[in-house]
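Below are two complexes that have subunit A in common, paired first with subunit B and then with subunit C.
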Partner chain A sequence: MLFKPVLLWTDGLLWLLLALVGLYAWRVRRREHLLQPWRRLLRSRSGVASAMILLAFVAVGVLDSLHFRLPLDKQAGAAERHYSPEVLSVFDLLVGPLRKQAEKTYSAPFATRLYAKETIELPDGRQLRDYPRLKYGGAHLSDPATQQAGDIAAIALQGGVWALVAGWGAALALVLWLARRRRVSPGAAWRLIRQGGDEIPWRTFLGTVAMLILFACLAAAFSAKYHIFGTDKVGQDVFYLTLKSIRTGLMIGTLTTLVMLPFALLLGIMAGYFRGWVDDVIQYVYTTLNSIPGVLLIAAAVLILQVYMDSNQDLFDTVAARADIRLLFLCIILGITSWTGLCRLLRGETLKLGEMEFVQAATAFGVGHFRIIARHILPNVMHIVLISIVLDFSGLVLAEAVLSYVGVGVDPTMQSWGNMINGARLEMAREPMVWWSLAAAFVFMFVLVLSANLFSDRVRDAFDPRMK
Partner chain B sequence: MNAPLLFVDNLKTWLDAGKTQVRAVDGVSFAIARDETFALLGESGCGKSMTALSIMRLLPEAGRIVAGSVELDGQDLLALPEIAMRTVRGKRIAMIFQEPMTSLNPVLTVGRQISETLYRHTALRGEAAQARVLELLDAVGIPDAKARCHDYPFQFSGGMKQRVMIAIALACEPDLLIADEPTTALDVTIQAQVLELLRTLQRDHGMAVLLITHDLGVVSEMAHRVAVMYAGEIVETAERGEFFANPRHPYTRKLFASLPGAVRRGQPLEMMRGNVPPLDSDFVGCRFAGRCDFAWQRCSEEAPAWTEVAPGHAVRCHLAAQPADVGPVMEESLDGTASVGTAPVGTASAVHVRLHPQGVSPPRAAAELLARARKPYPQHPLLLDKAGGLLEVSDLKIHFPIRKGLLKRVAGHVYAVDGVSLAIRPGRTLALVGESGCGKTTVGKGILQLIRPTAGSVRFAGEELTGLKSSALRARRADFQIVFQDPYSSLDPRMRIADILEEGMISLGTASSPAARQAGVDSLLRQVGLSPDSKYRYPHEFSGGQRQRVAIARALAVRPKLLVCDEPTSALDVSVQAQILNLLKGLQDDLGLAYLFITHNLAVVEYFAHEVAVMYLGRIVEHGSVEEVMHAPRHPYTRALLSAVPVIETGSKREVIRLSGDLPSPSNPPQGCHFHPRCPHVMPVCRLDYPAATGFSATHGVRCYLYEGSPGER
Partner chain C sequence: MINYILRRLLYAIPILIGVNLLTFTLFFVVNTPDNMARIHLGVKHVTPDAIAKWKHERGYDKPLMWNGAAEGAQKAADTIFFEKSVRMFAFDFGRSDEGRNISYDIRTRMWPSLAIALPVFAIGLLVNITFAMLMAFFRATYIDFAGVVLCVAMMSISGLFYIIGGQYLISKLLHLTPISGFDGGLNAFKFVVLPMAIGVIGGIGAGSRWYRTIFLEEATRDYVRTARAKGLSELAVLFGHVLKNAMIPILTGAVVVIPLLFMGSLISESFFGIPGLGSYTIDAINAQDFAIVRAMVFLGSVLYIVGLILTDISYTLVDPRIRLE
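For the complex of A and B:
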């Protein structure tokens, strides 16, 4: 076989989540009243723009979740094929050279030389203390000092041209699609897009897509020749690390939800629907859980897991599997500590719904409790679930960064924004300062969280029954 | 009439609704003189509240006044800067709102809230302001004002809160008081108190009052002049007497004809076709044309102009501009409304004949009316005769425990239903009447076992329901169903109509195959007057009346024998109420349904019910056939209730029995007869024990010491 697929735990859960989202989308497509809030969402500019940016992040995260192991070169006489212990993803293949082009240590963005002086042995035997040239960054230049500016301009131009082509391609595709969809001529469709006559703000959509394309093209063009965000302590490309961190952030943000949702839904609806002692018990449970500091619980759980993993090394065949278990465990423990908020909301809403007359009418028909919950209560609290999921997402991404910084977050071998910040914190104090790790992690996290927040704002507006 | 105080001319208020403009008020003109009560009458959504808010310039954000002028004493209010407008609001124009529960700030004492207005608009401070607050509370009839002005709003009942609202409105002795549905949220006996108060205050202070209401009875009791609004326009305006004696606009006449009452027993009520047109469209012709029985081509082509048919009486209708005088016909029809006993069966056809001398539109309604008019109901004796009853309830008690403290110990009970007995026979309607909080809805739910009774027995077709296990109960559930008050909360917004109707059939297994269920859904929708196509739509696509039809269809889906109707029409407009009542009546005739009709609307009872039971604080105080209870009430409470209902009367003033105070709390009912603290005939014995039942006839019984031992007298 060409490769051996690897299904990590978090990958499996991510696919499960995507399947659930797909199922939901399929259900929504046929139901006008469920579709309406989404339509409202698509009509707002910030909603469309933030959704596109989020989609770009999700695309990177999903590509990074298709894992496999490449075969090692077959050794003579070996009966079976051996696979590399390194687990790669489709994303790693796509960004190809980025992963492998490691320097010796720190180098600044777009640098051609290392950030630290080294003793270089000249061919004639003399020793010189200077900043050595990088192995990959700007290696194609013979005299960086004079050539670099021109080279950067040329690469920027090249990236710009790619972006222009791709951007126009995207615009053309949109025009043709819209023309077919709205049954108008392509010219009319173009005018619709430019003048904003359609209900969906296509101009914003196209602008966001164009910006994403431009960024992708420039990054692709530059990163082939330079380290655009510099390199870290062990010489890894920071841009690559940042991109790899996207998956970690998304996983924490989404899988935690998946873990917490059953608790919140089941317990919240049960408490609100059955009341009496069921309500009392559930309320006591979440009040108690809420009064334990979350960080304490997480730290304890993660440390216990660490001890367990250290004493059972043979359970994990690769480093990635080890790191993945720790990520999963972090999601679970975050989920367990964070379901109480949503649970409380759902309990209140269910209390209200239980008094509604349509629930009483169903009771008068002798409809069973389970059916009433499934058919009447659950669909009527889904908007709250959706709003709170989207709102929680950005909080969880930030929580990962904080926990990793404190040292109880994801595995140190796993690329994450928290780990990047943690690694960069000491370097902030040195002179000259190494700022790019922190800055790159900050910018990417900021863009993700900002667009998630904008998106959740729009979701809340669109799903709020009081807004018309 | 002296110079008008308020002069509204061609007022247009539009609301932004996305891309369209809703013309909530579209060219309204009227004038109000000092010491005059001017009633703005209309159904929900016709723009009457928007008119009031425009006068106050308190429009919602989306609303704006696009044209017209509002002059108060010659001063154009619309031209005033906002800062000057603030001195007008509260001082010169005051407003009271519909919902007293939400109009007061719950964290301030009522004294503070009244003095706030005084501080803003007058120079009164400290002691003087306090004295004025007490004076105001006294004036609106709040007993022990000195102590109560330090109370918070939650310590007042609904009627008392509305009095406080009135006190705030009156604080600066405004020239104009705008009362927006001031009594709609209140019970009849409380409504009578508040209306009386408003009338007295208006007379004493010489205020002008703009009364906004949908209730013709309130208009008749309160107004000097009346204007009827429809779809953003005033369609008719007249002096009160002239208005009730001689309404001219077809819409007004339909409103009168759709009122239920004793006179119309046995006949279907007049209905209006269709709905109010959406207000975001451009109107070419008359706005009522689509629903008008008399409409002809001109009505849809040309908007009718104001036509003065009599001094002070103007109508916006093409009919009025025609030479053919329709006055006498209408008088005849209204005599029927006002005086009990005449059956105005012939009037409808007479109207048609006179209005259509050229025979422009066929008088189809009249023929139908005559064909469908039914004979008066024969006397059915024996309300409480247990034999042959479909439903027999005896000594039903439903008590809710009040739990207190950490361990949730039972600290007391709410005696919501405390010993109710009643019986309903197949195909008959028993009306359960009472004010809000008397426990009538709880009785309905207790009968359906939606709330398990504390004690007593509910026998349905001879079988005891109270002790049944839930599985055994489910088998019987198909026989009794419920229709709720609010059609907006009784249908699941996330389910299609077909799914809603199927739910009961699936659960109770009345239709086995999906095809049978679909056929059932179609025939049910037809039965309640909806098109079978509508089964794939969602509840939000329907109007209130249509939703109530769906709710009725849902209940009928399992072919019940008894339908508990819990105020099925009280959330609906008069014209829609007529449609629903006609539907229920028709279903009863066709299917032989028995109804337990829970209501506070006595006109509906008179029109609809066979037997009546009057409830007060968890117990039935009087029961009997509708003739006995409505025309010869015995219990002082029934009498007070009946007299408190505002009625349309052109003739002599009836004597109204005003009840003092409010309904006591059901968690702590008064010792002895529950009614004695409010009873005008209270005797010492009333304070000791609850009176036993006294019978007057086989059907008519009452629980009151006035009749103890002397049945048939008084």
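For the complex of A and C:
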């Protein structure tokens, strides 16, 4: 085999989640009343723009979740092929140069020389203390001091041209698709997009896509020759690290929900539907869990997980598998501490629904509990579930950073924004200051959380019946 | 009302027992004292004798729940569960794994925590309500829109960045306050003012937006329309009617955190080197001192329950219709 596929736990759960989303989309497609709120969502400009940015993040995260191990060179006489202990993803292959172009240590963004002085041996045997040239960053320039500005302009121009081509390609594809869809001529479709006559704000859509394309093209053009966000202590490209952190952030934000959803749905609906002692027990459980400060419960559980993993180190065959289990448990623990809020909401809503005529009629007809819950209660609480999932997402991404900073977050070997910020603490104290990994983590986290916040606002507006 | 409070306190007991059992299970059943000893003594090359000694020094060598070897009441009392968990109900937290007296540490460390958390809470509440009132006053104008955008942007920035950025700007570039540390008495002010300011600024985004939603919801009620129809000025309506009626949701969110203020802020205390309970907890987490973490979990739960009771009592103060029976 050319490679050995690796299915990490979190990968598997991510695919499960995507399958669930696909199933939901398939159901919604054929039901007009379920489609309505999504239409409303797509009519708002900030909804469309934030959704596109979130999709870009999700695309990176999904590509980064297709893991495999490459084979090592076959040794003479060895019967079986051995695979490298390093777990790679499709995303790593796509951004190949970023991963491999490691320098010796820190270097500033777009720098051509290292951050620290070193003794360099000159060709004539003399020694000189200076900032050595980088192995990759700007290595194609013979005299960076004079050539760099021109070179950067040239690369920017090249990236801009790529973006222009790709952007017009995207616009053309949209025009043709819309013309087919609305059964008008391409010219009319173009006017529809430009003048905003359609129900969906295509101009905003196209603008966001164009900006994403421009960013991707510039990043691709520059990162082949320079380190856009510099390099970190061991010389790894910070831009690569922050891109890899996207997956961690997304996993925490989504898998936690996947973990907590069954608890919240089952217990919340049971408490509201059956009432009596069932309600009392469930209320007791969530009040107890709720009264423990979240960070402390998470810290306690992660500490215990650490102890367990330290005493059973032989369970994990690669570093990635170990880090992955820790990420999974972090999601589970976060899920256990965060289901209480949704559970309480669902209990309240179910209590209210139980009094409705259609539920009482179903009971009078002798419909079983299970069928009443599945057919009458569940569809009527789904909007609450959806709103709270989207609302929780940004908070969870932010929580990851804080937890990693406290030391109870993801594995230190895993790329995450929390770990980058944690490392930046010591870097800030250096002279001159190493600010770039902090800046990179800040920019990416800010864009992700901001678009998640905007998106969740629009989801709430579109789905909450009270907001109409 | 006394009856009500007493009843609520009685309700708290099963919850605290639940918390206690949960932490006991996490710390002693899932994670055995042997494991703890191994972590503290270094994972490799640990002799069974060293483990036994470590456990004996901390009283972890007793049976978990039931001591069959002891006499009478000692069967239940001479166990880890009684010594380490049941005693917490009397606020006897025992000693940390390093041998320090936890109750003493909590008593000395709560003051620096309060010195930061109380002002952050009070000033933050005032600032957030002011901003929210301004946005509600200018509702549906560009000022309101800009305010909401600013709030969403501010709440999208991780609290860590406020702390790191604030410390860099104020302490390192402008040299206005010391970078970190703490001092007793009035000298504490210069150490406390920056974490305080950062705490307030970091909370503005989410806080003001939340209060704005509350105010706007109140502002569409009929009594507000009546007040306007009577010819009251917009300011009189906002302060006299909207703010007064929005007190219940404001209190619901605010009062419950008052007792927890005492626990301090984990991140900012450890970042600014303030010897409060927040940094105490962080240090304990990093040193894997389970005794302290256990004590803080219990304390946090007690305070949360106290907060809930206080919330109920505060309702009666702002809304005469509510009586606690």
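Operating definition for what follows: the second predicted complex is superposed on the first by the 466 of 468 C-alpha atoms of A that agree within 3 Å, B and C clash if a C-alpha of one lies under 4 Å from a C-alpha of the other, contacts with A are read in each partner's own complex, and residues count from 1 in each chain.
The definition used in the following text is that a residue touches a chain if its C-beta (ideal position, glycine included) is under 8 Å from a C-beta of that chain, and two chains touch if they have at least 3 such contacts.
Keep in mind the model is a prediction, meaning the values are calculated, not measured.
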Thinking of the overlay built on chain A, is A:L303 touched by subunit B (first), by subunit C (second), by both, or by neither?
second
Return first, second, both or neither, reflecting whether A:S291 touches subunit B, subunit C, both chains, or no partner chain.
second
Once chain A of both complexes is superposed, is A:E32 in touch with subunit B (first), subunit C (second), both, or neither?
first
Winner on subunit A touched-residue count between subunit B and subunit C: chain C
Per the contact definition in the header, classify A:T363: touching subunit B only (first), subunit C only (second), both, or neither.
first
For A:F215, select first, second, both or neither according to whether it touches subunit B, subunit C, the two together, or no partner.
neither
Touching partner for A:H376 - first (subunit B), second (subunit C), both, neither:
first
The subunit B residues in contact with subunit A across the complex are 17, 445, 448, 450, 470, 473-474, 477, 480-482, 484-486, 489-495, 503-504, 507-508, 538, 540, 551, 554-555, 558
Which part of subunit A faces subunit C closely enough to touch in the complex?
284-285, 287-293, 295-297, 299-301, 303-304, 306-308, 310-311, 394, 398, 401-402, 405-408, 417, 421, 424-425, 428, 438, 442, 445-446, 449-450, 453-454, 457
Within their complex, subunit C touches subunit A through residues 14-15, 18-19, 22-23, 26-27, 30-31, 35-36, 38-39, 43, 152-153, 155-161, 164, 168, 260, 263, 266-267, 270, 281-282, 285-286, 288, 290, 293-294, 296-297, 300-301, 304-305
Quick check: in the complex, which residue numbers of subunit A touch subunit B?
32-34, 356-358, 360-368, 371, 375-376, 379-380, 468
